[in-house]
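Next come the structures, one after another.
In the two assemblies presented below, chain A is common to both, partnered first by chain B and then by chain C.
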Partner chain A sequence: MFLVRRLVNYMVLIFLASSFAYLLAATTLQPRAYFEQRQPPPSQEAIEAQLNDLNLNDEVPLAQRYGVWVSGVVQGDFGQTIKDQSVNEEMSRKAGVTLRLITVGTVLGCAVGISIGAYAAVRQYKRFDRYSTWAAFIVLSVPTVVIAVSLQVGAVWINDLTGKQLLQYGGEYTAGLDAGFWGTLLDRLQHALLPTLTLTISLFAAFARYQRNMMLDVLGADYVRTAMAKGLTRRRALFKHALRTALIPTITYFTFTFGVLLAGTTFTEKIYGWHGMGAWVVDSIVQNDVNSVAAVTCFMAVCVMAASFLSDILYAWLDPRVRVS
Partner chain B sequence: MTLTTEQPGEAPGRTAATGQGRWGGVLRELLRTRRAMVGILLILALVLMAWIGPLLSPWEMGERDFTAFRSGPSPEHWFGTDNTGRDVFTLTMVGLQKSIIIGLLVAVLSTAVAAVVGAFAGYFLGLTDKALMWVTDLALVLPSFLILAILYPSLKDSGWIMFVLLLAAFMWMVTAKMVRGMTISLKEREYVLAAKYMGVPAWRIIFRHIIPNMASLLIVDATINVSSAIITETSLSYFGFGVQPPDVSLGSLIALGAPQALAFWWMFAFCTGLLVVLVLAVNLIGDGLRDALDPQAKRRS
Partner chain C sequence: MTRTASAAGAEKATGRADDGTPVLEVTDLNVVFPGSARNPDIHAVRGVSYTVRPGEVLGIVGESGSGKSVSSMAAMGLLPDYAQVTGSIRLHGEELLGLDDRAMSAKRGNAIAMVFQDPLSGLTPVYTVGDQIAEAVQVHNPKATKQEAAERAVELLELVGIPEARRRYRAFPHEFSGGMRQRVMIAIAIANDPDLIICDEPTTALDVTIQAQILEVLKTAQRETGAAIVMITHDLGVVAGFADRVQVMYAGRLVESGSVDEVFYRSRMPYTMGLHGAVPHVTTEEKRPLVPISGNPPSLADLPPGCPFSPRCPIAVDACREAEPDLLPVGAEGHAAACVRAAEIEEQGWGVADVYPVPEIPPAEAAQRPRAERETVLAVEDLVKHHPLMKGAVFKRRVGTVYAVDGISFDIAEGETLGLVGESGCGKSSTLLEILSLDRPQSGRVEVLGRASGTGTARDKFAIRRNVQVVFQDPMSSLDPRMPVFEIIAEPLRTHGFPKADLPGRVSELLELVGLDAEQASRYPQHFSGGQRQRISIARALALEPKLLILDEPVSALDVSIQAGVVNLLDELKARLGLSYLFVAHDLSVVRHIADRVAVMYLGKIVEIGGVDEVYESPAHPYTRALLSAIPVPDPRVEREREHIVLTGDLPNPASPPKGCVFHTRCPVFAALGAEEKEACLSIQPAAEPTGTGSGDHAAACHYPDRAIGS
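On to the complex of A and B.
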């Protein structure tokens, strides 16, 4: 029941967020300018006809355009892009790319960050703790954009050094490659390495620091001592009692940082030339493509909501008190 | 985290600071942490560099050296020159100035908004709380990067101050939620109840009693916000949605230098390096402050 109410609330928020983005995009972007600067310049009537077709005409009242858009969205249709392709089709192609990148990046980043943070807390003030703390500190100070660009520069340098295309730094796969199943898979992995690494690095730092602090709070607690006193090994006590409790605040933290992560993915995609949602939105803004912008906003809102829903579930799993109430 | 205010004598080492008040103690505590010291020194050095550097440099901001395009660092051009012969040192220093100013302004603004929204929501609860938290959730769901990117180009003409306002408008949510949680527990304290029964109006209680008692949380958060503001600004500027020419910021400089980083390293290395040092310094101070203000967290440092 609680989850159902949550879900309804989420839906309303998603809808409002997309509407807000639509209205904002419809009032500030100028699709007309996009058609006017085409070569050769289309006639005035042609522009009008195009704009009307795409529901982008700025002379039609905003309320009416919004009405058309909403009635489309309710039926699951986000309208046409400015190039007269279906937004839905574009989205289904691009969402997969982004979701793959985000999922792998998040899982890796969280796992690495949490384990490093937890281990550092157990070895407080030892060498591992000191090095990992400094590493996390420095990485935290580097924007994702800069990480991505630096990795790219590094890749070019390594490639030059070895004289081979060892690391790929542009695109999602080599165009026109014909190397059978394994060859294609290898090629994709090669291309995915650096973008995933970028996300993992930028996530790991935040989680390592947070997890370390949470873990330190828990390590001194009575119940951990009790657990060891009743005969559990140190390892078991740490895993079952300390880590589990310390994960709870980290999950809340995850929900808050997910938006930042999405922005980070946008940058990463754009820099590495992946044709995902993030790169698409940057291009749509430049091209004054109102419908696409609204669709991507909706996608991102759904992602944020999915993340917070997921963290609700994890929370209930880790903290028995939530399940009871 | 906020208990410090009421038990100023409890923290070890702070008893020595009696007579100078709480902030004297905090300052001393801060100076004792090596990490915070390093941060403060770095920030001071960067600020000095950013504002005095351009005065020392023989080149003006818009000036172009037509005899040297993309030339490396030399006694003439300390950081080399860029594609159009501009002096990279001067550009970087001016960009650094802008990044520091934007970071500070955004942090102060967004923390102020967060304090007010969170405190009002937590103090009144009920309908006010529902409405305010709902707005907060909505703002959290909206991809801020996207909204900023859409909005800013149309407001370009109003200059970078507008950019600061927009950035601040999308950074207050998380802090506001924390402030709300704290206010709910603070409003049951005796001094708040006393003020309430004396007939002090609610807004006065909030500004005189509740917000000042969260000062430590707010200060730490403002510091963290400085670094995230700088990072957001850099990312947006990198894609051309942020600071617009003729203004430069570290982000737009990185965008210019990145594609040519290997052939002409000086156009990439200096601005990136300074950016990292700047954010690192702010983070170090924030961490030190948290430890100094929060006696329970002392063992973490």
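On to the complex of A and C.
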């Protein structure tokens, strides 16, 4: 019952967010300009026809356009892109690309971050802690763009050094490659390595800092001392009692990060030429593609809501103290 | 007991053969916490030697910072890595110091176990209590299956008195009360039949009735395992009834040790004597001022030369300041004291009164007149405070009511002290906040100085405020750390428009009144010790010359030797300034000492009220009787002969109090009643009826106030 009410709340919020996005996009973007710039310039009638077709004509009252859009959305149809493709299809394709990009990257970044953070907490103020803190702060202060580009430069250097195209840094796969299943897989891995690394590095820093603080909170806890008094070695007490407790907030933080990143890896996608959700946000705005902008916003809202919903459930599942009876 | 566990027990039983080897032998133990950068090293334990024989109970008494916990943590190998531990700690003759963590972990929880102070944070919140006990079984019996370990855990839960152990196995720590969690901690400690259990202030964080329960459980645990127990505590009462031998620690050293009777009745070290003189006894009727030990415990980073107690010792001579005396035998066998003048004390047979000057406190002037003729400072009538219990994040809805204060009445006359006592959660603090708010109560009446709260204008309220002041429990957090003491004390004066030119004079006067140096007014709270901060709080409260001072557990956060000084100060101020106190406390001994009348609260209701001596000498309500009997008395002979009434169970949830008499679920009288007689307790909440003893204002809310307990 509690969860249902929660879900209804979320639905309302998502609807409001998408509507505002649509209204904003529909009033500020100029799809007409997009068609007028075409070479050769299409006739006035053709433009009108196109705009009407796509529900983008700025001479039609906003309320009417909004009505058409909403009635589509309610039936699960986000309309057509400015290139007259189905937004739904486009979205599912791009979401797939993003998912392939971020899954490994976030999981890896989170895992590395947690281990480094937890270990740094145990070795507080010792050498490992100092170095990992430095590393984390450097990464945190460098924008993702710089990390991505530096990795590309490094890749070019390595490729030159070995004389082979070991590391790929453009696109998700080599177009028109015919190398069988294993060859394709290898090709995809080559392409995925650098963007994944970019994500891992930028995520590790945040997670390492977060986990370190969480761990420091529980290190001195009485129950860790109790565990040792039972006869557990320090290492086991730390693993089984301290880390287990300190992981709870980190895992929910991870869920949230994942949700946000589903439409938030714009830079990584643009730089490495992956056509995912993040890149689409920028592309659709540049192309004055009202329907796509609204759809992407809706997708983002859904992701964030789903993530926070999931992290709440996870929290209740992991921590008996907040479990709903 | 499962096969594996009993086999392990048998194995150890052979090792426990009484060949005269002590269970624990500590020799010349030193613990230093090295200081970082600018901070000096802390020498927490300095050359401590003692032994624990099989099956005996050794009490270690000392104030905070005396090194009593650190020395036992060293024996458990639980000190942080950076602590430098030297000397020798032998368990059954086997050296423990220098063992690595792996070897040490094989001993911990197996041969030597520990029960810690704070049960609320001592259990991992994310595992069930059963699993945490089973873990202790399994870690030392790797061959035991999960099933066997779980069975053993259930057995242990039953042993420590948790009802419905099998079902409670799957409960999480937060579902248990403090007392029950401490039982679980004890179950963990005795899971592997240890030879030695170290209890570090096991009952300090608990209420008296729960403390009595836990002490019983510890006695059971000792009977079952035959283990020796080291009982670390600051409470002389706990030691008196429980220990065979006692040793007293001060500034990281043992200063006196011997059998309980020797140390209690024939103390040969002035510090031990001071401790005896500083605690009020719940049983003594006569009101003598407490004997405070002047000054503060020394900093372990910078000890004075010579005996560390000499700066506070009333009989210190030059020799005391030259060299630190060793712990030398004095008097009866096994008795030793570290005092230059121990032999002299022995010879002269000096007691507390001979060593310490007893402060003179004049009797209060107002108290001379009969109560009825005095002005009523505070009158509370049928006061009610119910908190709604809300649920839900977005849509809040009311799911119940917490009956925090449920219809209480009392009054305080001029120059009188009313002690409000009860266990945590009984509504003491809610009552106090309700009075302090000066707002119209939900129901009932609060009259301060004859004016009903919530009737006048904001101006009237402001005027009343200066006559009602409060001192809080924790002197560490109730003073603004960024304000110098002068500002703290001057603030109420400024607020109430005191002439600016007279401020410095008034602040100095107040500081001197509470026994502080007026020159310290420019310093910040962090430069003062706990007792001094509490004095600052009192000075602030007195700044506006209030009529009524509300004291919320003013001494419970302080060490005993400091506590005595503050209690005496309160006594003296009352006499000198004609104050009235509402003294809220859970420590019944302190209340007996300071209060004229006492009200006992249970679940938002006053169950008994009356003059202190009447209530303490002839308590009528079974709860009062249980409460008084649960307090350990720091007198071994009395304590051994006393029979404690141990209440069962915990305080019921104030959101769903029992029907009828709120106490019937735990009442020993009720349990012994016949079915017909029980009817009244089950259906009617008794009103406070005069008991007919004493001066006539002694009343108790019980249907059967004259029934004996335990027949």
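Remarks
Heads up, the rule we're going with is that the second predicted complex is superposed on the first by the 307 of 325 C-alpha atoms of A that agree within 3 Å, B and C clash if a C-alpha of one lies under 4 Å from a C-alpha of the other, contacts with A are read in each partner's own complex, and residues count from 1 in each chain.
Definition applied: a contact is a pair of C-beta atoms (placed from the backbone, for glycine too) under 8 Å apart; a residue touches a chain by one contact, two chains touch by 3 or more.
Quick caveat, the model's predicted, so the values are computed rather than measured.
Once the two complexes are overlaid on the shared chain, A:Arg225 sits against chain C while remaining clear of chain B.
By the touch criterion defined above, A:Leu108 lies against neither chain B nor chain C after alignment on the C-alpha atoms of chain A.
Using the contact criterion defined above for the overlaid structures, shared-chain residue A:Thr233 touches chain C, although it does not reach chain B. Of the two partner chains placed by superposition, only chain B is touched by A:Thr266; chain C is not.
In the superposition on chain A, contact is made by A:Ile248 with chain C only, not with chain B.
Of the two partner chains placed around the shared chain by superposition, chain B is the only one that A:Ile285 touches, whereas chain C remains out of contact.
In the superposition on chain A, A:Leu193 contacts neither chain B nor chain C.
Of the two partner chains placed around the shared chain by superposition, chain C is the only one that A:Asp319 touches, whereas chain B remains out of contact.
In the superposed model, B is the one of chain B and chain C that contacts more residues of chain A. On the chain C side of its complex with chain A, the touching residues are 76, 78, 101-102, 105-110, 113-114, 116, 118, 121-127, 135-136, 139-140, 172, 174, 185, 188-189, 191-192, 392, 394-395. Residues 137-138, 140-147, 149-151, 153-154, 174, 227, 231, 234-235, 238-239, 241, 251, 254, 258, 261-262, 268, 272, 275-280, 282-284, 287, 297, 299-300 of chain B are the ones touching chain A in the complex. Residues of chain A touching chain C in their complex: 2, 5-6, 9, 221-223, 225-235, 241, 244-245, 248, 318-321. For chain A in complex with chain B, the touching residues are 13-14, 16-17, 20-21, 24-25, 28-29, 137-138, 140-146, 149-150, 152-153, 156-157, 160, 213, 216, 256, 259, 262-263, 266-267, 270, 281-282, 285, 293, 296-297, 300-301, 304-305.
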